[in-house]
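Two complexes are shown next, each including chain A; its partner changes from chain B in the first to chain C in the second.
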Partner chain A sequence: MAETWKITLRVYRQKENQESHFDDFQMDVNPDEYVLDAVERAWAFHDRSICFRHACHHSTCGACGMRVNGVEKLTCITSIRDVTHNGATLKVEPLRNFPVVSDLAVDMGSFYRKMEAVGARPVLPVTEAEIENPPSKWDPDDSQYLRLSDCLECGLCMSACPIMATTPEYLGPAPLAAAQDQGLRRKPELLSIVDCEDGVWRCHSAFECTAVCPSFVDPGRRIMNLRTQVVDIKLRKLFGKA
Partner chain B sequence: MTKPHVIIIGAGFTGVATAHDLALRGCEVTVVERGDLCNGTSGRTHGLLHSGGRYAVKDKESAVECIDENMILRKIVPQVIEPNGGLFIALDESDLAYAEQFIESCQECHIPLEELKPSQALKLEPNINPNVLVAFTIPDGTFDPLRLALAFAGTAKHYGAKFHTFTEVESLLTDGAGNIKGIKALNRASGRSEEMRADVVVNATGAWAGHITAMAGLDAPVKPTPGIMVAYNQRFVQRAINRLNAPGDGDIVLPQRRMAVVGTTSFDAEDVDYIPVVDDQIKLMLERGSELIPAIRSAKPRGIFMAARPLVGGGSGRSIARTFKCYDHKETHNVDGLVTITGGKATTLRAMAEKTADVVCAKLTITTSCVTKETPLLSYRSYYTTPN
Partner chain C sequence: MDQTRNQPSARKFLSWFIPVGRQAGGWAFALSRVTAIGLTFYLFLHLYVLRLLALGPGHYDEFLALTENPIIKFGEWAVVAAVFLHGFNGIRVVLTSFGIGVTRQKQLFYVFMIAAVLVILIFTARMY
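And then the complex of A and B:
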């Protein structure tokens, strides 16, 4: 028999041209279910006007990012047990730094324009993917295998980044990580996009992006590496070795 | 001359692919979706780009559709596909006995396959069950479900289609004689209802098709058939791993990003707005999945979810064909202005759209032919970056 918890699901509500508020839903949940399941159940059985985004329910599509008790989470893989306890409240809010479409759904158009501008790779050879326990030496045949890149383009890092909150023009963690993934020596046209006021130098190394990334991209480390790539290229240019 | 206006209800795979096809054929297209893209069955698909091998023995029509569409999608939308092929592996005598009809059926359905000895199979995929008796390579793949839909929707938008998400159909508008003339829909973001007129309304709501046809007083031929999927937190393989036998529960393991997804089951359901996950089925996926890849026992579940297939035709569960049906309700019920498309599989979304657009265009006396086979799709991000 599955364990049952009583929780209060506190949902951020905002409809067009109206003040925002929270609605509380008293729910019996299995703590091993995911936060997204609770939100979907609130919609299915309590209030059909709740708007939220979700698609794959297993962390491949990046649609269901929300702030859960104040922290950016991919709600489809965040178990209720991990973020609240029996008798307590579970607060869900939309991602920050994006316009709210309705309730928990945000418009991430600005983010996708940035990802497009840096040419983020959706698919890459397995031999170029940063994975746990890679073989010490790849078989040359393995380069034919492709895999979807780790970045889900879920926007959690864009919401958690303290610099994004102050400077919407800042390129942001995921786009900078996507530039690093391609490499400036391979894609020299990216240099002017990242080596500018709103590019790689705007980051203040808070590493909030890395803390919330649900998909192993580690944007913070990649931004630091991208800085060394920029410096390397500029030094080589300075000494005529470009 | 003004373009004919088509409203498509539903922005799952069928809806977005039909929007793309009709926009390319010169229609004014409006898509309405009660949630955001792919929030129903389409988003929650396993993500298997079928070679057709799974259906070759029992359901040749579906198998041929799958292999043909598999090859087309690899060309027009490589941005969302892990095109690494698949293995069918035999682990016991019953599997071996299935091999002969599997080979014959794949050949009949022009699905390319190659037989591998156990040592060859284990060299390609070291994490499959070491007791493999024989294996066959087939051109399976994996796709990202939301991005597949976004690529079709973004390209449709580029050709002029309009998308109204978080917009739920409340009723169908009629001409007094029962023919459908449009929809009344509630914008859930603003709380306002709006009437929209159309020359044809396409019901592309999949497992929910019966909700829409009921608004016109008609029965729908769809049977929602949910199944479970469990995503584990390690990838293990590059290829889709299938059990070499008649389709059954938990007999596919699919690599996707850093995960392996095991699926699925098959049972009948009526209301599929919320399908609870059943513990017994989670255990079953672990049992069956670890027969194919033993190391799954040491992996942790990362996401567990249910999706409702929209199956058409008689029978129940796995005995129902996986092909699709498009109904012009003028022909079936003498109600003009409404077309229902349902059934099918994610892999065949483009073909479903072509058939539906053919039916719609015939009603509108549009003679432009389908060009979606040859039209590469724009970036999936174009859905978000193209103004509505």
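And then the complex of A and C:
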């Protein structure tokens, strides 16, 4: 028989031109269910006006990113057991650093525009992907095979980044990681986008992006690597070896 | 209200200093900001005190006598502690920025903070 927990789901509520507040919903849950299941249950059985984003339910679309007890999580793969305990409260809030559209739904438009500006690739040749245990030598024919990019564009990193909180113009972890993924030598036109005041140098090494990324993109490491790419290109230009 | 962009606010700025629910890098970020603000405040205080030199040796000696006050002495200790915490944390940032220890940034932070605390303890023993 499945284990049952009694929890209080505390949901951030904010409708247009209204003050924000929290609504509490008491519910019985299986602790191995996911946080998104609890939010959907609150919507289905308690309050049909709760607004939230969700789609695939298996960590591919990146739509259901929220703050769960203060930490950015992809709620479709975050089990209730991992973030609370029996009899406790489970608080869900919208992502930070995005305008709230309604309740848990935020406007991701500015983020998507930044991803577009750096030409983020939704799919990439398998030979260019960072994969575990790659073959020592790729067959040239393998470049015809594509794989999904690791980045889900869920925006968790943009929410966790402390710099994003105070500098909206900052490109942000995911777009910088997308630029690194392509490489400045392959895409030299990205240099002017990332080598600027609100680009790669704005990062202050908090590495919160890497900590919350549900897809192991490791934006913090990629931003540092992008810095070395920028320095490499500029040094080559300085010595006429570009 | 412009719904298309993130709006900075005083509350968001204050969130820099409340790293609850964050990991080591977030604490390092907060520590770096707190110590930097403290040291900047000290710089202005230092310049203000140095101006006493222009007023004559008597004024400066009068201030120096104040430094024996336990509160002022604690303030001096806090400045030195902030210098070491900020400086060692800064070395971590420089190393990771050059691609060194990026995947071990948490451990780097712990090692540098232990080193900073050791140096502060040595300084404390010598000061008191």
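Everything below uses one rule, namely that the second predicted complex is superposed on the first by the 242 of 242 C-alpha atoms of A that agree within 3 Å, B and C clash if a C-alpha of one lies under 4 Å from a C-alpha of the other, contacts with A are read in each partner's own complex, and residues count from 1 in each chain.
We take it that a contact is a pair of C-beta atoms (placed from the backbone, for glycine too) under 8 Å apart; a residue touches a chain by one contact, two chains touch by 3 or more.
All values reported here derive from a predicted model rather than from experimental measurement.
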Practice prompt. For A:49, decide between first (touching chain B), second (touching chain C), both and neither.
Written response: first
Which of the two partners, first being chain B and second being chain C, lies in contact with A:109: first, second, both, or neither?
both
Regarding the shared-chain residue A:206, is it in contact with chain B (first), chain C (second), both, or neither? second
Task: Would you sort A:91 into first (chain B), second (chain C), both or neither based on which partner it touches?
output: neither
Please work out whether A:58 is in contact with chain B alone, chain C alone, both, or neither, and reply first, second, both or neither. first
Q) Taking the superposition as given, does A:168 touch the first partner, chain B, the second, chain C, both, or neither? A) second
- Query: In the superposed arrangement, does A:101 touch chain B (first), chain C (second), both or neither?
  - Reply: both
Taking the superposition on A as described, I'd like to know which of chain B and chain C A:76 touches: first, second, both or neither. first
Between chain B (first) and chain C (second), which, if any, makes contact with A:13: first, second, both or neither? neither
Dual-contact residues of chain A (chain B, chain C) 101, 109
Within their complex, chain A touches chain B through residues 2, 15-17, 33-34, 37, 40-41, 44-45, 48-49, 51-63, 76-77, 101-102, 105, 108-109, 111-113, 115-116, 122-123, 126, 131-132, 145-150, 152-153, 215-216
Interface with chain C, chain A side, in the complex: residues 69-71, 96-99, 101, 107, 109-110, 160, 162, 164-168, 204-208, 210-211, 218, 220-221, 224-225, 227-228
Per the touch rule above, chain C residues touching chain A in the complex are 1-8, 12-13, 15-16, 20-26, 28-29, 32, 92-93, 96-99, 102-103, 105-106
The residues of chain B that touch chain A in their complex are 35-39, 42-44, 47, 78-84, 142, 144-147, 166, 168, 188-191, 229, 231, 235, 238, 255-259, 261, 273-274, 277, 279, 302-305, 379-382, 384-385
